[in-house]
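Both of the next two complexes hold subunit A, though its partner changes from subunit B to subunit C.
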Partner chain A sequence: MANQVGNYSLFIALIASIFLIFQSYRLTRNSSKNLDSKIFSVLSVQSLMVLISFISLVFAFIVSDFSNKTVYNNSHTTKPLFYKISGTWGNHEGSLLLWLLVLTFFLFIFLINSKNLPKKYRLLTLTFQEVIIFGFLLFILFTSNPFINLFPIPKEGTGLNPILQDPALALHPPILYIGYVGTSIIFSASLAALVCGNVNKVWASHIKKWIIISWIFLTIGIMLGSIWAYYELGWGGFWFWDPVENVSLMPWFCLTALLHTIVVLEKRNTFKSWTIILSITTFSLSMSGTFLVRSGILNSIHTFANDPSRGVFILCFLFFLIFLAIIIFFIYQKNISNSSIRTYLISKETAMLVNNWFMMFFLSVVLIGTVYPILLEVINGSKISIGPPFYQKLILPFLIPFLLFMAIGPNLKWVKDHINKIKLEQPIFLFISILISYLFTTSYGVSYLFSVPMFGLGFFLFFLTIRDFFSGKSTLSQKIAHFGFSLFILSILFNGVLAKEYSSNMKVGDERKFMNKIIKFENLKITQELNYQSLTGEFNISDDRGNLNLKPEIRIYNQPKTLTSEADIISTIYSDNFLVFNVLKDDGYYNVRYQHKPLMIWIWLSVILIFVGGILGYFKKK
Partner chain B sequence: MYGKKVKLRALFILLIFLSVVLTSFLIFKSLEENVVYFKSPTEVKNLAELENKKIRVGGMVKKNSIKTNDLEISFIITDFQNELIVSFKGSVPNLFEEGKGVVAEGFLEDRNYLKATKILAKHDENYMPPEVEEALKENN
Partner chain C sequence: MIKNIKFIIIILFGLFLFLVFLKGLDKPNSYSPNSILNQIETKLTARTLYKNKEISLGELIDKNNFSLINVWASWCLPCRNEHSYLINLQKINNINIIGINYKDKEINAKKFLKDLGNPYSEILIDPDGTISIELGAYGVPETYLVNRKTNEVIKKFIGPLDDLKFKEIVKIVNNEKI
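Moving on, here comes the complex of A and B:
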């Protein structure tokens, strides 16, 4: 039943989408003042239909309706209810339906919230957005339909990949998707504004809300994925420069650049073409993210077995949208007139441009690092991978000037400022920071390249952002976000330099010495849970300061039969103690990995500060 | 001769152009140094010469080949045509199991022996490296 309901609702939504594309485009030529009420009702029907189809899929997952192929492939009766529900979007088909749901929902909110803007602009945004919705509907219905019937009906499902059965990962896709889909509104709205010729201050303050919303969700989404990788994959790091991770980072760089330029457009009515180009790029990157992850092209540890025909569809659709955007951009570019007020070299505008330059640089590094292996494989068939050293070597040295500009930039004035106005305190802060970092690196024997200026400028930004809370000229949201970023950089640097790791193969009762610590494998407990068997290791780590008891777990899931290891992490505000173990084979040996990670929790806390800055920016009154 | 505005614009374009050149130079230079090639055991066998560079070898962990002692793990990677012995000190991922796909990253000692610095396994329990899949098809 649910299958048919879901399927037909999608077809109705498809018809509604065709109607909306033509109707909204036709109405842009019409001069009446109000939006046609027909448009609103059809749009409501469409949103309702997509919602119904999503709910029927969730329902099929909850009642374990195995006549549905998606449910059969991704669920199991013994799974806890929470993971039955999150299983809805833990797979390809369901996650696309979620994309679509957010897409229609956002469009609805957009139309309600833009009542004071020109009618033609709203209608055109609707047209572009409906083109995207139409493409996704086609894609879902014909290449990845979540409502395929199975007959005869299987008795039991094959289960959800156990490493996806995790609270952080249950929330990660919806939140990341809200961020991705938000960029589609920015894309449609920019094109519409370009065609209507209203790329101006009013438009900027309206679209800024959407940029902030997408940016907040993208930031949270990336963080959740990273936290999950930290404790679930057992690698003990938070970022691996894996292609699937990079793909979510690329739109983030672009969106962050956009977040800065839109302020310039709002305040100074300039950088118009650049804003439009950034909007188009951000959305293209979000789309190609979905394409790269879903097509299975990426040579990544994260990739799940996939169907290449889907990739081809998304690729064609993506090229169509980019092509459309570029054509519209060149035809209507004459509509843009930048204000002719002169801007001087030393000004906030320049500082924003500098930010954009760095964002584009980081973006190019990540983009080339991700795409180059794919290109090379297509060209000469050789398979390569590009590891963390590539990214570190290219990004770290550039962080030094980046941090410097980030510390100084926010306090510059619009239009024109003077160097000689720089107060004495800035060089003093810089000197103190470099001194601290010099003392630190020599006393800890850190001998990495650039470590003194890196730490030094990290501290410099930290001090200056704290000072700005008392005397700065910019908004509170900016101060909090930049302060969060300085904290983020410092925790990453300390964490990277001071982290210690030890791994060994141990039997129950074994003892190992590591640094000044003694690691003891005391006991192993076996218990039976609802859908898995659990092996809990009891470890004791002692040094002259005290004792730690860590209980990592190995889970042997029955459906599908898979091993996962759950790390045990003891977090304090100073450091994380991380222990994970693994079965090798039935000879009594367990592969044990212990990590001591200083300031780990501050990495997450600083990211939270960064997006709290974004949330404040959203609610800020004009 | 030219107005100030034109000069400024030309300077701006020149700056963009220079930064693009600089960026691509840096990126491609760094690419050359940090590329890790991915080979199957058969491709390793057929290597013309051994370089002292990091390499990734992918295949299946041979049944009954994992050996463990206090410090090291050793196992055999196979693509069902050729085999390669791998020794490794460190921690292995969840899905590292006999009969499952694996990727070992490290340095080749000779054409039969790899000293691994990292072991990777795919998240998907049904995953199989494409080369292995092809090799299996050929054998059947």
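Moving on, here comes the complex of A and C:
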């Protein structure tokens, strides 16, 4: 029953979409001042239909309706309710339906919130957005329909992959998707603004809200994914430069660049074409992300679906949108003339531009690292794998000038500033920072590439952003976000340099000594949970400063049969103690891995600070 | 005029990317019957883990009808899980399992084998990962089934072995014997 409801409401949404594309395009030639009320009601119907279809899928998951193929493949009656619900978007079909839901609702909110803008611009945004919605509807209905009936009805489902049964991961996809889909509004709106020729201050302050919203969600989404990888995958790292992680990072770089450029457009009415290009690129990158992940062209722990027909569809649709955007850009580029404002070398505009260059550089590094292996394999069949060293070697050295500009840039004035106004305190701060970093690196024997300037500029940015809280010229949201970023860089650096690891095979009762600490395997408890069996190890780690009790867990899921290790992590503001253990053979020995990770929690806290900055920027009054 | 040239260049570049991706989609993910990589590079030489001498992959492949080249590392968790499959495969007579120890410390590698058993007839060590790249490995673990006569990769398994892959290997090996 839910299957039919879901399926038919999607078809109604498809018809609504066709109607809206033609009607809104036709109305752009009409000169009446108000939007046709028909458009608004059809759009409401469409949103409602998509919502109904999504709810019916959630419902099918909740009641474990195994006549639905998606539910059968991804759920199980013994699963807790929370994971039954999150299972809805934990698979290919359901996640696309979620995409669609966010797409239609964002469009709906957009139309409500843009009442004071020109009618033609609103209608064109609607047209472009409906083209995207139409494409996704076709994709869902014809290649990945979540409402396929199974007959005879199976008694039991095959279960959700246990490593996906986790609260952080239940929220990670929807939040990331809101970020991705937000970029679609930016894309449609900037194309519409280009066609109407109203790429100006008013438009900038209107679209800035959407940029900030997408940016906030993208940031949280990436962070949740990374938190999940940290404690669930059991490797102790938080970023692996896996292609799928990269795919979410690329739109983030682009969106961050756009976030800075749009401020210039809002304040100074310049960088017009660049803003449009960035908007198009950001959305293209979000879409290519979907393509790369969903088509199975990448080899990664994240790749789920492996159906070539899906890949071909997304690829054609993606390039259709990109070509459409490029053609529109070249035809209407003359509509936007940069008002010939003089810009000076030492000014906030330049600082923003420098930010953009760096973002584009980081973006290209990640883009090349992700896409180049695919290109090479197709062109001459050779296989290469690109790992963390590539990214670290190319990104880290360039962080040094980036941090320097980031520290100085925000305090420059618009239009023109003077170099002799740089106060004495900046060189003093720089000197102190380099000194601290030199003392630190020598006393800890750190000998990585550029470690002294890296730490030095990390500290420099940290000090300057703190000072800016008292005297800076920029907005509070900017101060918090930049301060958060300096904290982020410092925590990553310290974490990377000072982390320690110890690993050994132990059985119950064993004791091992390492790094002035004693680790003892005290007990092993076996309990039966609803849908898994749990082995909990009780460990005690003691040193002269006290002792810690850690209880990592191994879970043996029955549906599908999988082992997962849940690390136990004790976080303090100074460091994380991370312990994970694994089954070896059946002789009572377990492989135990202990990691001491200084300042780990600050990585998450600093990202939270960064997006708090974003939230303040959103609510800022004009 | 310049604008048109820019436009054409961008469109052409876009088309190029499109075609490359389209072709990339056809590329099978689980194994590669790619003509260039079908042949194992027998000339690759490396030091072995236990005997401390240089040996070429070609010499190792010659021993039996079928060789299974397994890229592994002690730090790799999935390798631990697939290890029991390798131990079981070793019991099949005409299969010869060659290990490539990928970016590992020798002490850890030896410890790993001591704990879990050693299914390999010989292990080549690959501390910087170059041999594995030459073999076309994406990461660890990876397993290639090689035919002795032709040095051809019959099948390439990306990721840890499981029940399905195990049965497939056994099936291929048994069929060819007759």
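Everything that follows uses one rule, which is that the second predicted complex is superposed on the first by the 621 of 622 C-alpha atoms of A that agree within 3 Å, B and C clash if a C-alpha of one lies under 4 Å from a C-alpha of the other, contacts with A are read in each partner's own complex, and residues count from 1 in each chain.
Throughout what follows, contacts are C-beta pairs under 8 Å (C-beta built on N, C-alpha and C of every residue); 3 or more make two chains touch, one makes a residue touch a chain.
Note that the structure is a prediction, hence the values are computed from the model and not measured.
Placing subunit B and subunit C on a common subunit A by superposition gives a clash between them. Of the two partner chains, neither subunit B nor subunit C is touched by A:K115. Number of subunit A residues touched is higher for B, counting subunit B against subunit C. Once the two complexes are overlaid on the shared chain, A:K500 sits clear of subunit B and of subunit C alike. Residue contacts after overlaying the shared chain place A:N582 against subunit B and subunit C alike.
By the document's definition of touching, of the two partners only subunit C reaches A:V312; subunit B does not. In the superposition on chain A, contact of A:F390 is made with subunit B only, not with subunit C.
Looking at the shared chain after the overlay, A:I322 reaches subunit C, while subunit B stays out of its contact range.
Within the superposed three-chain model, A:V378 lies in touch with subunit C and out of touch with subunit B [touch as defined at top].
Look at A:F330: by the touch rule set out above, it reaches subunit C but stays clear of subunit B. Residues 234-235, 299, 303, 382-385, 505, 563, 582, 584-585, 589, 591 of subunit A are contacted both by subunit B in one complex and by subunit C in the other. For subunit A in complex with subunit B, the touching residues are 161, 163, 233-235, 299, 301-305, 357, 361, 364-365, 368-369, 372, 382-387, 389-390, 393-394, 503-506, 510, 560-565, 580, 582, 584-585, 587, 589, 591-593. For subunit C in complex with subunit A, the touching residues are 3, 6-7, 10-11, 14, 17-18, 20-27, 29, 34-37, 77, 80-81, 111, 115-116, 133, 136-139, 158.
The residues of subunit B lying in touch with subunit A in their complex are 19, 23-24, 26-27, 30-31, 33-39, 54, 56, 66, 68-73, 89-98, 103, 120-127. Against subunit C, in their complex, subunit A makes its touches with residues 234-235, 291, 295-297, 299, 303, 306, 308, 311-312, 315, 319, 322-323, 326, 330, 333, 374-375, 377-385, 505, 563, 582, 584-585, 589, 591.
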